[in-house]
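Written below as structure tokens is the structure these notes are about.
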Amino acid sequence: MQKMVSLGEVMMRLTATGVQRIVQATKMDVLYAGAEANVAAALASWGVHSFHVTRFPDNLIGKAAVAWLKYYGIDTRYVGFGGPRMGLFFVEQGAMARPTTIVYDRLPSAFSTVDANTFDWEKILDGADWFHWTGITPALSQGTADALNAALEVCARKQINVSADVNYRSNLWQYGKTPGEIIEPLISKSNYIVSSENDTRNIFQFGSAKGADDAFVSISEQLMKRFQSIKAVISSDREQLSASHNRFSGKVWDGGQLYMSNRYNLDQIVERIGTGDAFIAGYIYGEMNGWSKQDSINFGTAAGVMKHTIEGDTLPCSVPEIQELVKGNTSGRIKR
Amino acid sequence: MQKMVSLGEVMMRLTATGVQRIVQATKMDVLYAGAEANVAAALASWGVHSFHVTRFPDNLIGKAAVAWLKYYGIDTRYVGFGGPRMGLFFVEQGAMARPTTIVYDRLPSAFSTVDANTFDWEKILDGADWFHWTGITPALSQGTADALNAALEVCARKQINVSADVNYRSNLWQYGKTPGEIIEPLISKSNYIVSSENDTRNIFQFGSAKGADDAFVSISEQLMKRFQSIKAVISSDREQLSASHNRFSGKVWDGGQLYMSNRYNLDQIVERIGTGDAFIAGYIYGEMNGWSKQDSINFGTAAGVMKHTIEGDTLPCSVPEIQELVKGNTSGRIKR
Amino acid sequence: MQKMVSLGEVMMRLTATGVQRIVQATKMDVLYAGAEANVAAALASWGVHSFHVTRFPDNLIGKAAVAWLKYYGIDTRYVGFGGPRMGLFFVEQGAMARPTTIVYDRLPSAFSTVDANTFDWEKILDGADWFHWTGITPALSQGTADALNAALEVCARKQINVSADVNYRSNLWQYGKTPGEIIEPLISKSNYIVSSENDTRNIFQFGSAKGADDAFVSISEQLMKRFQSIKAVISSDREQLSASHNRFSGKVWDGGQLYMSNRYNLDQIVERIGTGDAFIAGYIYGEMNGWSKQDSINFGTAAGVMKHTIEGDTLPCSVPEIQELVKGNTSGRIKR
Amino acid sequence: MQKMVSLGEVMMRLTATGVQRIVQATKMDVLYAGAEANVAAALASWGVHSFHVTRFPDNLIGKAAVAWLKYYGIDTRYVGFGGPRMGLFFVEQGAMARPTTIVYDRLPSAFSTVDANTFDWEKILDGADWFHWTGITPALSQGTADALNAALEVCARKQINVSADVNYRSNLWQYGKTPGEIIEPLISKSNYIVSSENDTRNIFQFGSAKGADDAFVSISEQLMKRFQSIKAVISSDREQLSASHNRFSGKVWDGGQLYMSNRYNLDQIVERIGTGDAFIAGYIYGEMNGWSKQDSINFGTAAGVMKHTIEGDTLPCSVPEIQELVKGNTSGRIKR
Amino acid sequence: MQKMVSLGEVMMRLTATGVQRIVQATKMDVLYAGAEANVAAALASWGVHSFHVTRFPDNLIGKAAVAWLKYYGIDTRYVGFGGPRMGLFFVEQGAMARPTTIVYDRLPSAFSTVDANTFDWEKILDGADWFHWTGITPALSQGTADALNAALEVCARKQINVSADVNYRSNLWQYGKTPGEIIEPLISKSNYIVSSENDTRNIFQFGSAKGADDAFVSISEQLMKRFQSIKAVISSDREQLSASHNRFSGKVWDGGQLYMSNRYNLDQIVERIGTGDAFIAGYIYGEMNGWSKQDSINFGTAAGVMKHTIEGDTLPCSVPEIQELVKGNTSGRIKR
Amino acid sequence: MQKMVSLGEVMMRLTATGVQRIVQATKMDVLYAGAEANVAAALASWGVHSFHVTRFPDNLIGKAAVAWLKYYGIDTRYVGFGGPRMGLFFVEQGAMARPTTIVYDRLPSAFSTVDANTFDWEKILDGADWFHWTGITPALSQGTADALNAALEVCARKQINVSADVNYRSNLWQYGKTPGEIIEPLISKSNYIVSSENDTRNIFQFGSAKGADDAFVSISEQLMKRFQSIKAVISSDREQLSASHNRFSGKVWDGGQLYMSNRYNLDQIVERIGTGDAFIAGYIYGEMNGWSKQDSINFGTAAGVMKHTIEGDTLPCSVPEIQELVKGNTSGRIKR
């Protein structure tokens, strides 16, 4: 069994019932999720021994979060307890022209108060095959950036594969550092970079014509030149017709070739949240199994597509279920 | 802060869960709504001081209705108590070819027993900028027609803008009068008339070719000739592909020019009920703010579109949220 | 009032809430259903005196099942009690590319332990106008096959019309007999056969080109030649674009002519389960009323279409509601 | 199988969730119930062929009511359709010192518009062993009183046993007649009268000391003297400690002897509504089976006790379950 | 209509369904509440014009909170918007020996960031008859203590009655000041002090024997000597047999006499939270209406008792409903 | 961290909502539980590394069961997949005199088809400190009895402590063997026996006066004489006043002394199911930590008491929460 480790904040998610707005809600659905833990959960459900590393407040909320990570199949033995509070986010699901809206209530979360020495990375990463992080973590605080950097140094030494979802959100990054200065050394120790051309351009100020795949290749090319560690740049493409109707595909550039998945028409979206995480988990699964880039991007894209049919942040679909989609069966015919 | 007053019945609405039929329901969703109060609620949420005038039975149901009007932001100080019972309506939501079905259980409601002297219109309308009524009110009983007429006389004297949603429903009007004889004097004291060409034709027996916008202009022209008080005729256009899929736009004729909104494709309708009220509220909001007819019809139509994405009778969307739609952003992209 | 009798297993159905997967479910919706009872329920709701014959365990579950059959309007006086347990099936509703998935947990059900003498068919079928069975019943056990055969012998003697939904499911049939040897004598006593060309071909090994309606006619022709009892072969056509989007029509071959219904576009499917049963019930209703084949297939197809808008296994729609669809009104316009 | 017939209004009941007050409710539980139909439902569940006679509006609500009566096992073939609307009642469940509160919204219900000729009593009562009515029916309108009287005349002629639950509610009786003048001829055709000493005294102005069982005997004695038809007077005794805690027993006077049940301590009441109906149904069941007065009152009281543990208006408990209570087993030990 | 003003934090309350623990919850009930707003809500429901003053974040959560305060009947015109986030608290309801547990997640809430100049007290308190605060407010931050002090200075000048619920919670008070130094000047401008002998002793270090009412009188006596402004000291007595069973009474010392309410046995508690606020609201209502101390404490205690039968933080019971309890009717007999 | 292993069937539990009966249920709560897994879950929540060994069908239901065992904190790595179906049980919660009723639907479950070689006990029990089984397992089939025996042989060799909950249910044991012949060799390899005097007497035919603790001591004495392996006999005492009200205590006989816990009054029971499992888990926890018999029985009884306040089969209460009860704090005072 392969082993992967992810690091990142896990929050309580509170979702207004159905398509209600928050002002209408007298009940909310509760779950616990985070971009990195969502990836770990999907990989765990496919048989990878997935460890998620984070910190929770030492109260009933923090303990509940651990139980629910276990339900996702995640090994929680390296979760720490302490710090002020649980980060939260509130969700109201959109429909047609009305967007899904997320209200974050993150700081001062227990996770944001970690530092370079909170986690014993030597032990945690011992025997690991893969490490996954996202751009949210270094954006939260100097401490989370330091904790991540400490992990990446151990990964580099142990030659563990590292994937990074750049996931640039400008309204984070409030502790006085710029994304560029913080992310640069982190990317330089990472191998599989999930980043759209826009995110890459915004963080690293590459000059290149905006546009479709050409732009992605051109920008990714520059990224790979700057960082020798990078083996591939991965991105999903989403055409946003409405909150209920998207078109979705994936692509990967390995420095020499562009591999593209099918393009899926998603005209009755159940939930958008977590679809990017499912996409990344699927791609990582392919790489961890030594699949070709084409097979990996196909599987990742199909995993992302399936997540659009599922409530919640995580993807409870098996490898054969996803592969049926890769093979082209999108009929949704009843299975008995 | 501007002040508006509306008059009309508010009923308890009982909706079978989800898309269940009434025979399947073991639970029903409860809310309190009415065409005129829905308009007041939307305007209240946009910062207008909205008073709704009605009458409830003096029991636990009537008191609950008041609390829920307050939740919508409506000033209920002029709601009266007394009379036999609360009007009700039962809703089952349709899907595809199955229509949404409404079973009304209205008479003998507390509101239907009001008369010309029930409400102190001098006091209620003091300082008001706008008054709104619909064709449901004069259709219920002579008493409600008289109460409305009393209000309109005060409006005329005080030069308060009056909007009227003709909303012709032939199966009301059971107290022995024809719509024509009752509505004529009411329209003659109103300024902004919401009426499709069919409703106008049916009530006032105007002769004109049926058809699209030309017909609307021709009929509205005749209406404005007959009633000097009218400043504009407003209507929405709805193409009904199925219970789940409509196309929707708005238009207004000011006696000289026809202003038309964009046409929206609504292919995953959450709820149809209250969309007309949201449309009218949006148009009134434009007029109350001195916007152009074009801007007003754009805003009204976008408000109506947004209501198709919302459960319940009322529209809990802010002015900026609606204006984003006016600006052309229908992507439904997640807002964080 | 006409009388119809159906025979078949009724199971408890447990459905994960909304579009949740089973692993996500903390609540399940409960109902009691079976292919044959679904037909009886629809006919009962249209005024036919419908008796369903089955067997339940003599416990709280079996008694609940009887109460719910009564709620559907079915006469349960010939339901027997005894045997080991209630058959069950678990459902998770699909969306887009994710299929609806059904997990059956059937054997050793109370119904599967009946035999040729369990039911007093002389009494049960006395005065009956119609008898309905499906291919599920003979597939369960020798006993259920024998019980069915006993019923059909009485039907033949009493000249009761018999409809059979072949409904071939290869993963049933585990008691050591082949479908061919068991079904042959049953079909030879039946008059209205619901069977796609594939099912007919698979069971009776007819050789014919696969394809569209021609194939259906060719195969049905052979079927009618082999079995003199058959008056018509009925089938629905379903184009499966996704779990949420199908196209659906019906057709019937009476030995001389092919009658086809309109083709309906179903782009927001509420539920697929039971749509075939509604289709058959609608067709039988036409035949029981002496309607033409064309009218019967139109009504059956419209009944099937309506079922796609309804939660649960059964069809709670009246004859006028369905006929509105037959007349071409698919607008879903609100009914007040 | 014995046959019983009941007559009376069935209303839609809307109950705020759990122990919420109506003002707090955003959902309500829906069921269909009435005092007489509750008795019919209990008897049906015990194997009596129970017919309930009433009238519903000819709309989706009325059709739903029929389906739910069937679910209770009631034969609905004599239910009529027509008239203005469905009667309703709203319930909020009390707790401790806060009473359960019921808001009735009855008139002008479909049932209240029946008259002496609405129902074909000759046919309905053909072969009946028992007829049951309550004092609510003659209190609603002259028409309902006449319909009841017509039924009782047929009962008298056919020598059908008649039970009457006096159930005096002074706030009904609004059509201009006094309870005395209307009820007198009805009681004179009835045999088993359920009436507390207070109700008897209030309707028939008997003079007797208020008090416990002595008063009951004394008053009942007078009642039996006035009406030769009466074979027994039945009453429950309820000590009301709080909404959650009552003590409950039953008694019957047969003109010569007083039979009393055990007294039950009910300290965690689930629901009070319908407990009187369950009590009466239990007593009737005893009489229909020729049990002794003591056995009948024991069974009736135990049925009433069981209903305090059940949500809704009707009693879904089997004869053996109730008899276990009669035998003294109140331990509530888990049954596996 | 009298006018009252309250100041204090309003939080979103998230409650695990029924008696579930937080770790078991997949849904939570949502409402918005705070000790002071709960008092304002009860008074508003009894006809007092109640203004609540607080601050919310300027997002969807803050806007929802305003709508729900309006639903309680509170005038929200002086609610401010701004600051980091909404305070939250999580509740799991206890049963028997398992305590109800509350997890607070308060700082850095929007309310905690107010200061002495945030609110225009001259305007807010203009024409007010009463002002209410609790010890939670000065415990949160120097800013909230200053804002409160500013309000009290205006109250003193305008001779507005001030009630204070000392409500001492030692785990608040984290900004470096002791309760004593902060509360002293606030109490010195307040007139009606709700404080148990323990809270009084803990804050002001009075030396007195612990014990029953004597101790309360002795301590309250000392309190009134130290602060000339105090007109009465009020307290509830609660005997805590289990989470489900308490005994509850109220008392007030006016410097000369001790007034005590009845003692109520509460053996099926629906919810404990907010019972103290209901008690205080009831007492204030008596004082605002010029009732005697005895009548006021009776009404306050009965209001507190009623709240134990109600879900949520606030008390939706009318004055007559509460007075029925004061008169001794605790029977919970059904009201029709 | 200590390690414990349990063996036993895990079933899907379907519970009618609230206190509904099964016939009333349109929704059921879903969870996965079994007597032995419940013990493992409690121990896991207290920090013991708990492995549960069982077998599930290889379908969506079996996979869901694994996820929910993980949520309880159980290590599922030795769960096998295969066999016909998932065992089920249906629950309706009682109230007062109405018992909680459980309908089992167990055979032919996947677990019942295991045999002596299904599990690799050498590996599973490697390093284990404790093994737990119950009398349900050998009652199901010869295969489950053999699998258990195989485990106990390894335990004996490895000197692992073994606890056995005799849990005698006569309606199991349908495969042709008597409890005596099967259980004898299993008890002879077990050390801590949970058994009431009645169960012990029934299985081993000991002759002794029925009665209270004396009888327990006398019977337990005989048991310990027959089986040298036994170190202690443990039992709970339950006085069953109603389904809602019990009294509960625990006791243990170690061959020389009787240790008894406090007796708890449980007058508002939330749920009875799983209370015995919580009791046993608590006792085992004490033994695993080397606590005295008195401390162990106190903790076990308090754990059992807490379970009566919790929905579901398992006990989500921490060691400090339970110890507060042991210390005598049963006040249920709100924790903030």
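Labels A, B, C, D, E and F are assigned to the chains in the order they are written; within every chain, residues are numbered from 1.
Criterion: contacts are C-beta pairs under 8 Å (C-beta built on N, C-alpha and C of every residue); 3 or more make two chains touch, one makes a residue touch a chain.
A quick note: this is a predicted structure, and the numbers were derived from the prediction, not measured.
A.B. asks: Give me the set of chains touching chain A intersected with the set touching chain F.
C.D. replies: C, E
A.B. asks: Can you tell me which chain lies farthest from chain A, using the average of the Cα atoms as each chain's centre?
C.D. replies: Taking each chain's C-alpha mean as its centre, the farthest from chain A is D.
A.B. asks: When chain D touches chain F, do the two copies use mostly the same residue numbers, with over half shared, or different ones?
C.D. replies: Counting shared over all numbers used gives less than one half: different.
A.B. asks: With contacts defined as at the top, give the pair, E-F or A-E, that has more of them.
C.D. replies: E-F
A.B. asks: When the centre of a chain is set as the mean of its C-alpha atoms, what distance in Å lies between chain A and chain D?
C.D. replies: 62
A.B. asks: For chain B and chain D, what's the span in angstrom between their mean Cα positions?
C.D. replies: Whole-Å distance between the two chain centres: 45.
A.B. asks: Measure off the straight-line distance from the CA centroid of chain B to the CA centroid of chain E, and report it in whole Å.
C.D. replies: Chain centroid spacing, chain B to chain E, equals 41 Å.
A.B. asks: Going by the contact rule already set, what residues in chain D reach two or more other chains?
C.D. replies: 21, 23, 26, 67, 101, 267-268
A.B. asks: Is the way these chains touch best called a line, a ring, a star, complete, or other?
C.D. replies: It is other, because the touches fit no line, ring, star or complete pattern.
A.B. asks: According to the definition of touch, which chains form touching pairs?
C.D. replies: A-B, A-C, A-E, A-F, B-C, B-D, B-E, C-D, C-F, D-E, D-F, E-F
A.B. asks: Spell out the residues on chain F that touch chain C in their complex, using ranges where they run on.
C.D. replies: 14, 21-23, 25-31, 59-61, 63-64, 67, 84-86, 88, 90, 92, 101, 103, 105, 107-108
A.B. asks: Considering the complex alone, what residue numbers of chain B touch chain C?
C.D. replies: 18-21, 23-24, 94-102, 104, 169, 171, 240-245, 267-268, 272-273
A.B. asks: Taking the touch rule as given, give the residues of chain A at its contact with chain F in the complex, in rising order.
C.D. replies: Touch residues, chain A against chain F: 67-68, 70-73.
A.B. asks: Which residues, counting only chain A, touch chain C once they are in their complex?
C.D. replies: Per the touch definition, chain A meets chain C at residues 264, 266-270, 305-306, 308-312, 316-317, 321, 325, 329-336.
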